[in-house]
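Shared chain: subunit A. Partners: subunit B in the first complex, subunit C in the second.
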Partner chain A sequence: MSVFPECKKMKRTGFFPALLLGGLFSAMVPVLNMAFRSELYTGQGKPPVRILLDANWQMMAMLNILLVLVGTCILYHTEYENHAIGKMAALPIRRGRLFVDKFLLMAAACIVILALEAAAVGFCSFRWFPLPEGFHGLILELLQNFGYFLLLMMPAMLLSLFIASVCENMWISLGIGVICVFTATMLPSGNFAWSLFPYALLFQIPKSLPAHTAGKLLLAVPIEIGAIGIAGALFANIRRRFT
Partner chain B sequence: MKFFTLVGVEFRKIRRSRIQILLFLGTVILWLPSVIHADMNFKMQAEGISPENNFFIQGFMGMAAFLFPASMVVCTVLLQQTERNHHGILKMLSLPVCPAKLCFAKFTVLLSLAAAQILMTVGMYGVSAGIASRTQDYNFLLPLSYVFKQAGSILLASIPMLTFFWLLSVWIRTPIFSIGFGLASIVPSVLMINTKVWFVYPMAYPFFVIVSEYGKLATRLSTAPIKWVPWLPVAAGITIICLLLSCFRFGQVERG
Partner chain C sequence: MNIIESSHLTKTYGDFAAVSDIHLHIPGGKVYGFLGPNGAGKSTTMKMLLGLTKPTRGTFVIDGKKYPENRMEILGEVGSLIESPAFYGNLSGEENLEIVRRILGLPKSAVSEALEIVGMTPYRKRLAGKYSLGMKQRLGLASALIGRPPILILDEPTNGLDPVGIHEIRALIRSLPQQFGCTVLISSHLLSEMERMADSIGILNHGRLLFEGTLQELKQRAGAQGFPTENLEDSFLSLIEADNRQTGGMR
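Here is the complex of A and B:
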């Protein structure tokens, strides 16, 4: 397994504790929101998970995207600092492999973050709402929603990782990422084509969308993942010609 | 070395960093939707705000809420990384310069980058308001004195926030924490401006100032007015403490 050395590289950069803290911070959003103004939400008469996500997901998604941005920048920053990437290129590993490994590590970190958030949303539904469909219904609902979120997060992950792999200087990859996130917040809502922008995907809740739109969205996302993923892995092979 | 020489040196270091392009690109993306959807400004009668004021305030609110603070976090990354790459800081510290002075020179550069981005925003506002005036056949351009006054107040209000970001980048040496903490602290500022204790949260200041101005312009919308008494002392305190702490800490690890 070549993901393991990637974990080792990240050990002293604070990657894991930072993302864990970020995940906890974003998991606190619905809990605090409910703790302070639960009366706003308990009377809405919709499924609890849906109420909670409608109320809090925008902010949580923003935090998640920013975490992905910082995480991917650090993943490649360790390579470019002191020219470690030259040493990696000397090893008998295929070059695209590094990109794939880093993506797998980032995806694993994101699963942990999303699990923390799902637990927080689950806790809020359990604590403040009656559960008409019981405990199993709640778990199923959470799994479905956060499974979608993981899928919607992946294009942003891949694109940030791709940008980080292209730019040697961290402020450039971070700056481009910040501009992209900002663009995502400025895009008009309700336009399907714009909503496919990788950084804007996560701000949507597929289960709150009309079934037709959600279906199209979930069809388009794997295509995006494939395209950006292949581009990122292939770029590693021709990177030397540009830098 | 004189202070201004040091600032000049710091500027030379970031000359080829391409940060100007990044800052500029952000402002272009900020105003682009406003030009495309310029007709939306005529539908804001419910708030009681005139179209030209709405055009101005929406753009500046977008800037102060996310783009500007996040860009400043990126700038702190730039200022720190140019030193840490190839141990540049060791060479700087071997010069007969007080580290605190060096730190303050770097902060001055950060402040000028902030001013540069705000100036770019004003410039792009002029361009996009001009274009929108042409397409909509309605004068969107506000008097320049008013625009500069607002831009200046955003810059002044952002000083405590900048010192805080600078403190983060000096004290927290693992970049992921300083960047992550900086970026994550921007997100709750939208909530903070609606609370009574907004003045303890420096990241919310620029946004608060512009939202408060929105309340003044829109007759049917009330936002919290600026209360100088708790704000000014708290902001000054935050600024001084953050600057002192970062000047104290700067280069301490390298000096051993």
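Here is the complex of A and C:
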């Protein structure tokens, strides 16, 4: 796999600045929340990372999902805008591979976003809370939580990328994505089946869920990733059959 | 020896036959002109040869490689410019070619060589989105020529060029078989253009191949059928009109 051409294609599209600024903006949410009303959270008696995520993650997850939508739309918009995808199709490279490379680039960008957010949550824990398990325990807690978030983000990433690959008009894929995000926010929160909707997954905090629910969730997500990923790559490869 | 051969190549969309049962024989190391009025099926045929559109029926062999089994190998040997030039508008001409170079696994020098061939070196740093139509066309040609592929498929490559540009690109295409030993399949709806470039031609009308051979053979055939032969354009038009009369313009 070579993600280099995909990185190069994103030059001057605003992809990297948009995701970086969006990530910074999202990372500011817990910092500002604590800066202005820390007294609401410091006396709760729970682990600091848990308190911070319970208080801020819904907003951060919403921003993350919107960044995923914007990122995936830009990734395919550059292909369709001047029909560059036509040139790619005439080169010895499978469209399925383009899909996978774009996913890898998007996943790398999401790792950076989540790292910024993890750093912000870590900073807030360090600055406003006592750390009974020490700095090492804090890092471990952050890695676990944000590792889960990366996993939960992937189905939405893949589905958005799939939609963006199908729709030549970026506004259609963006519109579908926004509708899906708002649908996700309206789904009943206690229902496990609904929680598997790709755009609803990221709003959950596995470490705050009952152990058996979190276990089922973390088992279902890789299956979802595999299914959407294979569907996206396969569709990309067979698309020419419909033209 | 033929480098491209097709057999019963057909593409239909519902009841409409865009390309109907054509048998192409394109000799290696020559310029083969694909001629026909607008909508004759030239672009569809070229797209099928590149695997961009799946044939409804029939198959073809390019440089001994059979479609669809060896599609990737075929694409590795064919440089193409289909319909309008395709590029990343946010990248410079040089960066566009760099992406193609990476995918084809070519040496770094291939980019500057391709730019030089089409006369785009002075504009290599400019964003492709800001290029004029003629410059976009040249960039498309450069991305087809990069790495000197043994086969070139060019769909109306002089579209959008000014008269000087047309002359330059014609001369370039004409020289490619001698310079790089490649075979060029080029389409146009202008016989005058083909007369200046092609060694042999194929005439398509309503998706059917009406004639395949050299310009001399076209003249002879037109004469045999009682069509004018003094002017090749008249011969071509008569051939098309006779076919339209015979088929009623139906596919």
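Keep this in mind: the second predicted complex is superposed on the first by the 239 of 243 C-alpha atoms of A that agree within 3 Å, B and C clash if a C-alpha of one lies under 4 Å from a C-alpha of the other, contacts with A are read in each partner's own complex, and residues count from 1 in each chain.
Note that a residue touches a chain if its C-beta (ideal position, glycine included) is under 8 Å from a C-beta of that chain, and two chains touch if they have at least 3 such contacts.
Since the structure is predicted, the reported quantities are computational estimates derived from the model, not experimental observations.
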| item | value |
| --- | --- |
| Joint occupancy of subunit A by subunit B and subunit C, clash or fit | fit |
| Partner chain in contact with A:71 - subunit B first, subunit C second, else both or neither | first |
| Partner chain in contact with A:63 - subunit B first, subunit C second, else both or neither | first |
| First (subunit B), second (subunit C), both or neither touched by A:86 | second |
| Subunit A as apex of subunit B and subunit C, Cα-centre angle in degrees (nearest 10) | 90 |
| Which of subunit B and subunit C A:175 touches, first, second, both or neither | first |
| Partner chain(s) touched by A:38 [first = subunit B, second = subunit C, both, neither] | neither |
| Which of subunit B and subunit C A:213 touches, first, second, both or neither | neither |
| Which of subunit B and subunit C A:13 touches, first, second, both or neither | both |
| Between subunit B and subunit C, more extensive residue contact with subunit A | B |
| After fitting on chain A: smallest Cα gap, subunit B-subunit C, Å | 10 |
| Shared subunit A contacts, counted only where both subunit B and subunit C touch the same residue | 13, 81 |
| Complex contacts: residues of subunit A adjacent to subunit B | 13-15, 18, 21-22, 25, 59, 62-63, 66-67, 69-71, 73-74, 77, 81, 169-172, 174-176, 178-179, 181-183, 185-188 |
| Subunit A residues within the subunit C interface of the complex | 2, 4-5, 8-9, 11-13, 78, 81-94, 240-241, 243 |
| Subunit A contact footprint on subunit C (complex, rising order) | 50-54, 72-73, 75-76, 78, 80, 82-84, 86-91, 95, 98-100, 102-104, 127-129, 143 |
| Complex contact set, residues of subunit B against subunit A | 17-19, 22, 25-26, 29-30, 32-33, 37, 62, 66-67, 70-71, 73-75, 77-78, 81, 85, 174-177, 179-180, 183-184, 187-188, 190-191 |
